[in-house]
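What follows is subunit A paired twice: with subunit B in the first complex and subunit C in the second.
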Partner chain A sequence: MATNASTFVRQSMLEAKPAPSNQTGASHWIRTRLFATPKDIVLTVLALALIAYIVPGMINWLFIDAVWSGTDRTACATVIQGGVLPDGQSGACWAFVEAKFQQFMFGRYPADERWRPILVAILFAILLVPMLIPKAPFKGWNALALFIILPFVSFFLLSGGFGLPHVETPLWGGLMVTLILSFFGITVSLPLGIILALGRRSNMPVIKTICVVFIEVIRGIPLISVLFMASVMLPLFLPDGWTFDKLLRALIGVSLFASAYMAEVVRGGLQAIPKGQFEGADSLGLSYWQKMRLIILPQAIKLVIPGIVNTFIGLFKDTSLVSIIGMFDLLGIVVLNQSDANWSTPVTPITGYVFAGFVFWLFCFGMSRYSAFMERHLDTGHRH
Partner chain B sequence: MKKMILSAAIGAAALGLASAASAATLDDVKAKGSVTCGVSAGIPGFSNPDDKGEWTGIDVDYCRGIAAAIFGDPSKAKFVPLSSKDRFPALQSGEVDVLTRNTTWTISRDTSLGFNFRTVNYYDGQGFIVKKGLNVKSALELSGAAVCVQTGTTTELNLADYFKTNNLQYNPVVFEKEADATTAYDAGRCDVYTTDQSGLYAIRLKMKNPDENIVLPEVISKEPLGPAVRQGDDKWFDIVTWVHYAMVNAEELGVTSKNVDEMKNSPNPDIKRMLGAEEGTKIGTDLGLSNEWAYNIIKQVGNYGEVFDRTVGPGSPLKIERGLNALWTKGGLQYAPPIR
Partner chain C sequence: MAGMALNSDTPTTSKKASSLINDPKARGIFYQVLTLALLVLFVWTVTQNTIHNLQKANIASGFGFLNGRAGFDIGQSMIAYNSDSTYGRALIVGILNTLQVAVIGIITASILGFLIGIARLSRNWLIAKLAEIYVEVFRNIPPLLVIFFWYKGVISALPQARESLELPFSSYLNNRGLFLPKPVFGDGISLVLLALAVGIIATVIMARWAKRRQMRTGQPFHTVLVGLALILGLPILAFLAIGAPLSFDYPVAGRFNLTGGTVVAPEFMSLYLALSFYTAAFIAEIVRAGIRAVPKGQTEAANALGVRGADVTRLIVLPQALRIIIPPLTSQYLNLTKNSSLAVAVGFADVMAVGGTMLNQTGQAVEIVAIWVVIYLSISVTTAVFMNWFNARMALVER
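Let's look at the complex of A and B:
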């Protein structure tokens, strides 16, 4: 019996039609995102007006009216200020940054020896990049090389070892010192902070007291006072002629300071771990260190990544405080060079600050992006 | 025992052995092969880094002069930049051998702080800069003016004293930071700005329109700036002192870095004596140096006038006039005892 062909059954799907034209495209986006309600219209117009007010002037100052090359202040000063620019023109003096760029990077490190910090930077990059890529192999060896071997090798390379001429730390400066201080601070403060956080939650009263006192004392003192104590008071207490290296003092001060903050961040993570996790680990018969290493810390640290990175970024920027103890980090060397009469014009100081700010921002933004990536990468639970 | 060796090794690695603040600074300096000078962390013309990162300035050249006198090599000078707070502890603790850091010689620094001053390499004093539009020719015409000044400084106190002494009214506009005060003055928030005269010249370079401003002739305070050393080491004090005197004497005798080699054969006995070209001279050995010490300073650093010109004077962007710092023969205060 043949099937009655009069019954209609659709054999294939209808082709999808595009959305109505007023629901798509730029006009829809603009209508719904920018001008949906009267309040939105007002806010959009105000925001656009603000951008239109600020941005062209900024671009003009930073790029169009800016001076890109020159050998002294005359290039960046107007005629009336003793220079060559037409009167009334005001733009960034990038020639100043260009002339001082080597100093901003290496401080007063001798010019012939600057390949040494560059070599250290290359080694650092070679070891850091695989460390940051989660899939890269040999994490254990990589960490050993980056955190233990590299600091020693760089110390000898930078200060002089392996038969290289000695370069004293007062000559170090610029971005190099900023990076050394932050890298050392970060490397020391994370493990030390974890130990302090565990100590603070310990049941052993002596250890607990030591950790609490350390954290509270350090957190209660401004970093400036710690650095001042180290640089001004310490030499008076030491026997005649004995002085600590200033960079070493700053390294110790900055790392201890960051550790105290790190400890509290990590403790926040530890407290967020449910009691069941501790009890579960105990019931498996794990020792204290096994429990912490395998069960508790991986969860706790993951929870507080934003806080840890926050501390790192704060530490990175705090390193600029060492300029008050006569060391010249990036910001310090920029300010120091503003005193060079050969370059002093009304626009030089602000150009220097813009440059320093931009470099700081680059590094901090990089750290922040990486931490966002790590959060997504490690996001294996807790979000249902 | 092993632990002791280990800790000693760590201690040696961590602690840098600087020169002892003992009585024989010269011996220490010779032993370490360099002289360490405290300088400012950036005062234009006195000590500031150039494009290559080398220190330049009149204080820096003083230190180079000391190095040239001792080692015959001005590059044997090392510089420790110090803030105004750090400078005295740094000298007391022996971190620096001599403080060539824009430091005013006062009785309390000379006595209670335990330092010695004798030479003045720059006579400074507090002055005023005003807008030309005011048509003011003297500070005595400043009654009723708004004065920008940095707070918490002797500058502020000197200002109050000066206006009180002269029965003038004024309106202080105080700022925490020097940079803020100068910006405010440049933006027209006050009629007058006051600080040390050398500072006024430096500030002119940062102004939007320097020609609209003039520095008034009055100097209302005495700021003799000179090097300081620790008390109790007369030999070292003598060397630091005579480096300056040699540079001033050289200018007075017309000996410059360019003509010093010819001048060694000069018929003038004063010049010959100074340059150590006299037979059987003990002009340097008595100081504990070589007889060529003054020659080395002049040859490698220059006489006082040359140094002044290239660091703060006409050869520099600051273009400060000699004024009080001219030689005594030209109406200034730079006067050096004879080298004989």
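Let's look at the complex of A and C:
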């Protein structure tokens, strides 16, 4: 009864006091993140100097001094180079990219038929977007349409047949070829890599040896030598009268190359699965393939998603090497167009590279961000 | 009874037959024999086709062509070479060029990568952000594009020889490359090399002694400083003692070009810069991951024991981080070496480019591809063996 009278005990909680003003806000952030120690001050000043040195010039070159429209090289060349710009001005020649944009996308694909690659791109996007959204339904049918049906449909749409005029593959080019190569490479290399990884972990000596030799040889040599092999040796391996399309040869080379790397990534995942999972599956009476399909691979693949996406990104970047064996992917067509006398100015090459680099960067960065999202989404909290 | 025996007999045989099908061992053998047979059939068909195709094209197989006259020039060569040399020698020039750009590239990429990786972990927001931008830009761009960017975008956009950019130490930079003073060594320079060798050997012996002493008494020794003094000091002393027999051949601006000095060709420079910048981004990520993987408790425990500042990094964090860093670092070194084959795109005469020229001239596709594979595989295997040895030395010894 008397306890109620203890007036000096507070009955309600006090509101938390705000942090001291020097512990919050912008000033605190600047003090701790930019000027914490003398060393930090020096580093910050140096970094600011670097930014001040590079960024204004870059913005100038990319946007302010850049030429945005024009019909030929005179728009981007200075007076001394035979153009209209005042001497000493140097900026990106976006007019060049604008004029060649169709080529950069489709290569030398006939202008009247360009609706076909556009249609393929639209179909691809329609099928890909629900595939990437984890909550979208009908994943199985979607995958079937994307990975099995779409390639055949696109092949006939792009190369012709069924009443459409035939367009030979040497005319294909630009971003279209880059995307075809990487999509095909990704679609083939993941299953092939899984099979190779399983083969390498197999206890059948013959199969294991074949897989190990294949993986290690491919991983030991550069992609260019694989592409050279595909372009100069494959014709030797075939019987008389058989010819392989150049694009197909590149597709085979790129896919085999990526599958060896994929196999090593998947093997890492397989090795991380505890032995108990294998034994548990065995004790349930599952067959080898059931065990792998239902128990092991879902866990293993989930573990190595970052590695798989890294391989995809590597594959996407590596497709640029086909320009060395004379195909015109995005980089190849940019390089080809630089020798166009109509557009030859000192800034044309670098503009082309900045454009191509930006497109490559966009795709690769997108892939890496998506993989980070998937990693978080699939994280079931079993990580140790 | 007899009937029963008869009855029980039949199931036994059928059970045997079915158990052979279900026996994993038997099935394993069957699959392997099948795979082997398919492989042999495949190889046999391919060989037959190749022999037939080669006969049709009148190409003699074998490596005899390596003794033939090459007939093409190579811009940059570490050994004496001209167009009258043999194909074999051209190939050696190519191998040396590959190794040269790979080794220099690996050193630069490592230094750059470690700096950027550490910068990404900096508490300084600006430094960390700059490093992150660098990594995200270079990781997501094809190396070939970076090479082209340097070659056609930057170096060929440099001023012409007459308007060369002057750099310190009488060096010049123009669109024909980087012109550096060429050191000309006088007599007795071999003494300096000898002093260098002595310095290195003395350092190794000193390091072993210092380590043993520290193990015995716990007293540390300034191994790094004394080692540096030995390795650098001895040759400098020897150099001064014999009267500094070194002069420089400076590049001199002529009417159209610079003469004298030594030239770093644009092809080499763009390849080297591109490979270093590109690989540094990957090394930076590896270094960052390695350092982050060392538990914070290690630093705290070191602080609790009274180890301070840079010593924590040097003695506690870095050795543990290196264990995590080395295996992926090895594969980055191998990637750089393999990516040096992109030289073929700018015409730097590495083993891939030389081989490609030979392939065009002789048509010996099978042999040249085999040479490529053997060379790159042996570089890979050698690096892997060395790095595995290094890794084994660094690995955690569990007691």
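What we mean here is this: the second predicted complex is superposed on the first by the 354 of 384 C-alpha atoms of A that agree within 3 Å, B and C clash if a C-alpha of one lies under 4 Å from a C-alpha of the other, contacts with A are read in each partner's own complex, and residues count from 1 in each chain.
We adopt the following convention: a residue touches a chain if its C-beta (ideal position, glycine included) is under 8 Å from a C-beta of that chain, and two chains touch if they have at least 3 such contacts.
These figures come from a predicted structure and were not determined experimentally.
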item: Superposition on subunit A - do subunit B and subunit C clash or fit; value: clash
item: Partner chain(s) touched by A:236 [first = subunit B, second = subunit C, both, neither]; value: both
item: Touched partner set for A:371, first subunit B, second subunit C, both or neither; value: neither
item: Partner chain in contact with A:224 - subunit B first, subunit C second, else both or neither; value: second
item: Partner chain in contact with A:50 - subunit B first, subunit C second, else both or neither; value: second
item: Contacts of A:324 with subunit B and subunit C, given as first, second, both or neither; value: both
item: Contacts of A:335 with subunit B and subunit C, given as first, second, both or neither; value: both
item: Subunit B versus subunit C as contact partner of A:102, first or second or both or neither; value: first
item: Partner chain(s) touched by A:349 [first = subunit B, second = subunit C, both, neither]; value: both
item: Which of subunit B and subunit C A:357 touches, first, second, both or neither; value: second
item: Clash with subunit C, by subunit B stretch, listed 183-191, 237-245 or 273-281; value: 183-191
item: Residues of subunit A contacting subunit B in one complex and subunit C in the other; value: 232, 235-236, 238, 240, 324, 335, 338, 346, 349
item: Contact footprint of subunit A on subunit C as seen in their complex; value: 28, 31-32, 35-36, 39, 46, 49-50, 52-54, 56, 122-127, 130, 136-137, 139-145, 148-149, 152-154, 156-157, 338-339, 341-342, 344-345, 352, 356, 359, 365-366, 369, 372-373, 376-377, 380-381
item: Sites on subunit B touched by subunit A in the complex; value: 14-22, 41-45, 48-54, 78, 80-83, 85-86, 89-90, 92-95, 179, 186, 202, 205-211, 316-318
item: Residues of subunit A that touch subunit C when the two form their complex; value: 29, 32-34, 36, 40, 43-44, 47-48, 50-51, 203-207, 210, 217, 219-225, 228-229, 232-233, 235-240, 313, 317-318, 320-321, 323-324, 331, 335, 338, 346-347, 349-350, 353, 356-357, 360-361, 364-365, 368
item: Partner subunit B, residues of subunit A touching it in the complex; value: 72-73, 80-82, 99-100, 102-103, 107-109, 111, 168, 170, 231-232, 235-236, 238, 240-245, 248, 324-326, 328, 335-342, 344-346, 348-349
